[in-house]
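Working notes for the structure below.
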Amino acid sequence: MNVRVAARKVVRQNEFYILLVIVALSMAIQMRSGLFFTANNLVDLAGAMVVPGIFAVGTFMVLVSGGIDVSFPALASLAVYATTRILVDAGWQGGLWLPLLLVVGIAAVLGAFNGLFTASIAIPVLIITLGTANVFTGFMQGALSSVQIPNIPQAMAEFGRASLFVTENPQTGHLARLPVAFLLLVLIVALAFVVMRFTTFGRSIYAIGGDESSAARAGVNVRRTKFLLYVIAGVLAGIAGLVRTSMMGQMHPTNLLGMELMVIAAVVLGGAAITGGRGTLTGAMLGTLLIVIVQNSMILLGIPTIWQSIALGVLILVGTGISAVQITRSRRGQGALLS
Amino acid sequence: MLTVDNIIALRNIRKAFSGVQALDDITLEIAPGEVHCLAGENGSGKSTLIKVLSGVHAPDSGEIVLGDHSFRSLTPGEAISQGVQVIYQDFSVFPNLTVLENLAFTSEISERRKFISWRRMRRIAEEALKKIGVDIDLSARVDSLSVAQKQLVAIARALMNDARLLVLDEPTTALTKREVDRLFGIIGELTSRGVAILFVSHKLDEVFEISQRFTIIRNGKHVITCLPEELDRKSFSSYMTGREFDQTPFEPADVADAPVLELEGLGIAGAFEDVSLSLHPGEILGITGLLGSGRTELALSMFGVLRHDTGRILLDGRPVALRSVRDAIAHDIAYVPEDRLTEGLALERSIGKNITIPVIDRFVSRLGLLSGKRLGAEAERWVDRLRIATPSPDNAVSTLSGGNQQRVVLAKWLATDPRILILNGPTVGVDIGSKHDIHQVLRGLAADGLAVVIISDDIPEVLENCSRVLVMRAGRITHHVEPRETSEQELSEYMSEDIVEEVSR
Amino acid sequence: TPGGQSNGGGDEEREAGDGDYTIAIVPKDSTNPWFVRMEEGVERYADESGMDVFQRGPSDTDATMQAQVIQDLIAQDVDAIGVVPVDPAAIENVLKQALDAGIVVVTHEGASQQNTMYDIEAFNNDEYGAFIMDNLAAAMGEEGLYTTMVGHVTNASHNEWADGAVARQEEAYPDMQLLEETPRVESQDDGEVAYQMANQLLKAHPDLKGVVGTSSFDAPGVARAIEENGLIGEVFASGTGMPADNKEILEKGIVKSLTLWDPAGAGYALASLATKILDGEEVADGIDLGVEGYEDMQFAEGSDTVLEGNGWIEINADNVEDFGF
Amino acid sequence: MTTTMIPTSHTPRVLKGVLRDAHVARLAAVLLLLLVFFAVVKWQNFSSIVTWQAMAVQFPEFGLLALGVMLTMVLGGIDLSVVGTANMTAIASAMLMLQIAPAGSGSSAGFLALGAAVAFSLVLGAVAGALNGFLVAKVRIPAILVTLGTFELFTGIGLVLSDGKPISGMPPEYAYVMGSRIAGYVPMVLVIFVIGAVLIWFLMNRTAFGTKLYMLGSNETAATLSGLKRTSLIVRTYMLSGLFAASAGLVMLANYNSAKADYGTTYTLLAILIVVLGGINPNGGTGRLAGIVLAVIVLQVLSSLLNTFPDVSNFYRPLIWGGVLLLVIVVNQWDGRGNLSRMLRWRGRAS
């Protein structure tokens, strides 16, 4: 009986369907190429997850609070560009602590800029961050006249190259390495999980996303919570940017721009409500994983380059469609009268 | 007997919102252990006063005294820690969180904890529910609960801490008699412990049953503070509204013999079953029952929102299939929904647009263009006819008070020129003045030959305005009652007869 | 006739032949180090000539934005515009408007451009592609499986270079084969995508031995995949790249050689050619634009608008330090 | 609601109605200030007709896209696929034109091709929009996901059709008509934008559709209970968005005399920026056309003004756009609710 209840609960959840879609897609790729379930491929996917994954954590937290932040790629680019520029110009030879500190510091300030607006002005966050995103990009490209920085500080480059372990394909001898940065993703996801589940701050974010005025009436300091949230989201974005730059071994100021929609889509795909208050970190990660798999399997699937956009589009629509239809169907059984 | 450091007082409070003086020099004192009733028409400033007391709004001037502390203004956190607990009209629950969290979250916040212990929260939540003696699944998400259950959650949450003052803003609008009785029991217990209660309600019976002192306000100004003995219903209403009413039972003028609507053995699995009734032009049929008795589902199936599994619906003796709201409208059926805010109105749109939306296609010329002039005239007509208090029908509905918003919903459906009008809780949260007006409108409509169905658990409302009353219980119609041959007491017993109340689904 | 037609509100001092012109150079996009380098040439010309010569490009590699920049320049009544088209077809209209307004129009990397007075090519695209192929073939030992990578499948010159490379292989390197399943991949002008694409390619086709890169993001991204897969010396990449950006991969031997031409020279040459036209000088075979590689320009075969310079540069581990950019 | 159709009394009343909306009035003030600044600082450019013609050719592209996005946002949705739709339809109709009138065919074939292309492109745009609408309304996928997916899909179809290359060599008649200047001054593409805007004005203010749209965006449950056809309204709205995207595609085809799968990639965010700057609430139910039109013009004037300063790099453009957006937000808040003072007070407390 209890098992059935639990099973019904699982079946009502979005995560379940995303997982099904992921499994089905993996099977399809495996059957088509025989390469999906190889150690190298899985490690490559894990590596490719790092940056979008960290972005997704921040995006998820903001979505839960009822906002949509489109400024994080611009924020990350600016923070990392400024950091790299400063350190390269100063000829920094020391450890990773300083780049990390600088990025976190700058990103926190930029996040606070977002936070100041969102916490004090009752206007959809999408609008505000659309403004700040442009300001960040414009500041980076205009005031800092950003250009590509080919040689990043030694410590960053080393961090980008460092690997946890290396897998080898016995037939081809090809290697794949899991970057240390993957640990960072795991750490951040774990931290975010604890924050969202076991801290008053995290639960306040859910409360605000559910009903902001109720949260205020319950004694939540809504402004401080939101402010802090955007600082954290900024820091997470900055870290993701640092990871990307370190892994590429180069700072390209505009590389990250335009990623926001895909990341938001991934998190929404994972079941986070665009209206706030609802969603799980598991779902957000699964959604991101699905998108990463799709983007990283085109050649394995043998899809010609020119058809890849179509394939990506169809996969997004089918993936979201399946879970949307299932969710509607299972909710209908629950007796929602309207809609 | 009143110790000074226990008194709760608001002194000379003023509060204005861009242009509206919502509170104009209001003073209010509440003694420990007292049930104090705050009465006033819609928009008179009751909720605003409460929000000042609970720290949601900072007053423009005045003083808030809690025991031996005096405050210029409060924050919600301060208010809670000073023992002020509020159950808001909209309950202020978190729809996206579980019952458990809704109950325990506030205490986590007020204790300024950084980390949350789910075990501790569960304990707190269980205790809170035990205190008011209800049983709701703690892991259920609040948006899956019924309105009454949501309210119970809000009440349990407010009562959980050692409140010094419990404020209830229209707490009984969504409760049935039985639940109200239980609430009053809880209130009695609290007052005996010295907790002060500030109570806002538009239901006069309740107000007189429970209150020990009254404060009446009008247009943000203090009118009178007095004891219940000094008031009767009539003077109470006139203090509130500055008008006089007298309510006489409804006598249907001439009811047609041929029914316009018949239900035969209608049923929806899990909601209601075997419902048969007939409705005649010129009558007002009451359907009453507890929440969860299937009354709303019945109404929705008559309006084409829900599809019935068994039985059939006949209009003018001919079976019809109501597959959608549009079908129902095409058959001249109108439905005033239960919750005007989420189901009835588009708040930021204009009054005129809200009224004319179901019939907007009638104002389209052959070229496909809307006739603004005719639309405006139609809106004006309804604003006048239902006496909706607004300077212009072009104003947003959100600028109206609850009673007037309800009139907009009514106007919207009358504008469709229906033959059958179904109203679900037509006067929930509406003040006596507006309520009276709405009832007069309904009676007039019936007299003009409209067939009206009022679904309500407001027993006096049903008894005074309906020509026949059906009692629903657990999805079945159990009694047919003639209002003149019954009493409120009897009706209430029919509604709750041997029901082991199922609060959680 | 430059400057001959007044376009309303234009200032009268700037008549043809007065030797003081306003010349705008419009690159594809300006964060790209390529065009940052080009701007150096433009600025050098401005310094040397003392005229108002500046570079002004869109903030993204976007044909529509580039067209708007040109449109605004026309409205400002500059004397000459030198463009590096993102997409020649997309700016035909707006360049026609410029010509109609009496503005001198010259282009670079736009051999197919109709509405231009002259187009300067550092080289012929097919030959450049062939040259990239020669470099790759040398690295691969002239045998094995290879594929091509472009910034975007919509990028015309990248595709022309890639086509040129394939043509060269077919003609000169019979032991090399183009990967048939995936003959062309896209790096989306992003080093990370280039890396991920290369990873996938190597997984799906373990016998792949070389990648012809075209955009400046391709070779470094592929190089990272080669290094991480432990395939240095077994798989090779080639392509276009700036010396400073690629020093490391060249020195590590992941990429044997890269090819480029100096964008600063192109920027200088564009401004210089525009001045000559404005001054009314005759443009003929052998014209000297005053900068290395463009001293002896020749008309391309069968064309009287496309001027070709002499060549490109190959960079490798030995000479990468010598360029100073 | 007593507006008459007599033009003389009509214009001032419309203007009054428009300015009654505080947000729109502030945008108008911003535009006015901007124009004054432009005139003072760069009189030479300001007074030249060429400047204005250049602007008038530029903004219809993204202006038309913004009009479509606006409709979907009034509904509480969003359309991220507009650029994909524009490119796909432009490529398809360009190919159709080349079929009907290959290079060297006569002018009658050219005009036939023109007509066929316009019709085909609009139909295709509407079909693309209908797909979006269907997925949003019936399958109930969030609009942001639907349109992100269809953006990729439509772009992909464009790529496959064109093989990634520009489709060019349009019959000269296309450029002749679409590139023409009416009365020698007014560019055809501006006329198209104006027609589009007027059409939307009519839809929103003079038809039942517009009223229903606002109602549905404002409260879906209430609208459904009022008997509005939810699915049909949503599908029709996205169809309109597709239609406007297709017309933007035709304008781009005219401006660049070619169609390509990756034209205007920066327009998606720009269109959203415009809509949001224009005062549309992304949660649906509110917003005015006048706001959008003003926002389009403000951004265009800003951007053209910026281009007259050779020393100010184009990269400041997003900084300035973003700054204007934030400024408008703050000012709206400031005189709307007095929240600015609260924000300052709060900031004091936090430090």
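Each chain carries a letter (A, B, C and D) given by its place in the written order, and its residues are counted from 1.
To be clear about the criterion, a contact is a pair of C-beta atoms (placed from the backbone, for glycine too) under 8 Å apart; a residue touches a chain by one contact, two chains touch by 3 or more.
Everything numeric in this text was worked out from a predicted model, so none of it was measured.
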Item to check | Of all other chains, the one whose Cα centre sits farthest from chain D | outcome: B
Checklist entry - Which pairing of chains gives the most C-beta pairs in contact? => result A-D
Item to check | Chain centre separation (chain A, chain D; CA means) in Å | outcome: 30
Checklist entry - So, what's the distance in Å between the C-alpha centres of chain B and chain A? => result 43
Checklist entry - In whole angstrom, what separates the CA-based centres of chain A and chain C? => result 35
Checklist entry - What residues in chain C touch two or more of the other chains? => result 59-60, 153
Item to check | Multi-chain contact sites of chain D, meaning residues that touch two or more partners | outcome: 159, 163-164, 221, 224-225, 313, 315, 317-318
Checklist entry - Multi-chain contacts in chain B: which residues touch at least two other chains? => result 305, 343
Checklist outcome for this item: Those chain pairs meeting the touch criterion are A-B, A-C, A-D, B-D, C-D
Checklist entry - Which chain C residues qualify as touching chain A in the complex? => result 31-33, 36, 59-60, 153, 181-182, 184-186, 190-192, 195-197, 199-204, 206, 217, 220-221, 224, 228-231, 242, 244-248
Item to check | Residue ranges of chain D touching chain B (in the complex, touch as defined) | outcome: 1-3, 202, 205-208, 211-212, 214-215, 218-219, 221-229, 285-286, 337
Checklist outcome for this item: Residue positions on chain D within touch of chain A in the complex are 80, 135, 139-142, 144-146, 148-157, 159-160, 163-164, 220-221, 224-225, 268-269, 272-273, 276, 281-283, 312-313, 315-323, 325-326, 329-330, 332-333, 339, 342-343, 346-347, 350
Item to check | chain A - residues contacting chain C, complex | outcome: 33, 35, 38, 40-41, 44, 48, 51, 141, 146-148, 150-151, 168-169, 171-177, 244, 247-250, 252-255, 295-300, 302, 304-306, 308
Next on the checklist: Can you tell me which positions in chain A touch chain D when the two form their complex?
Outcome noted: 68, 70, 116-117, 119-124, 126-128, 130-139, 141-143, 145-146, 223-224, 227, 261-262, 264-265, 268-269, 274, 306-314, 316-317, 320-321, 324-325, 328, 338-339
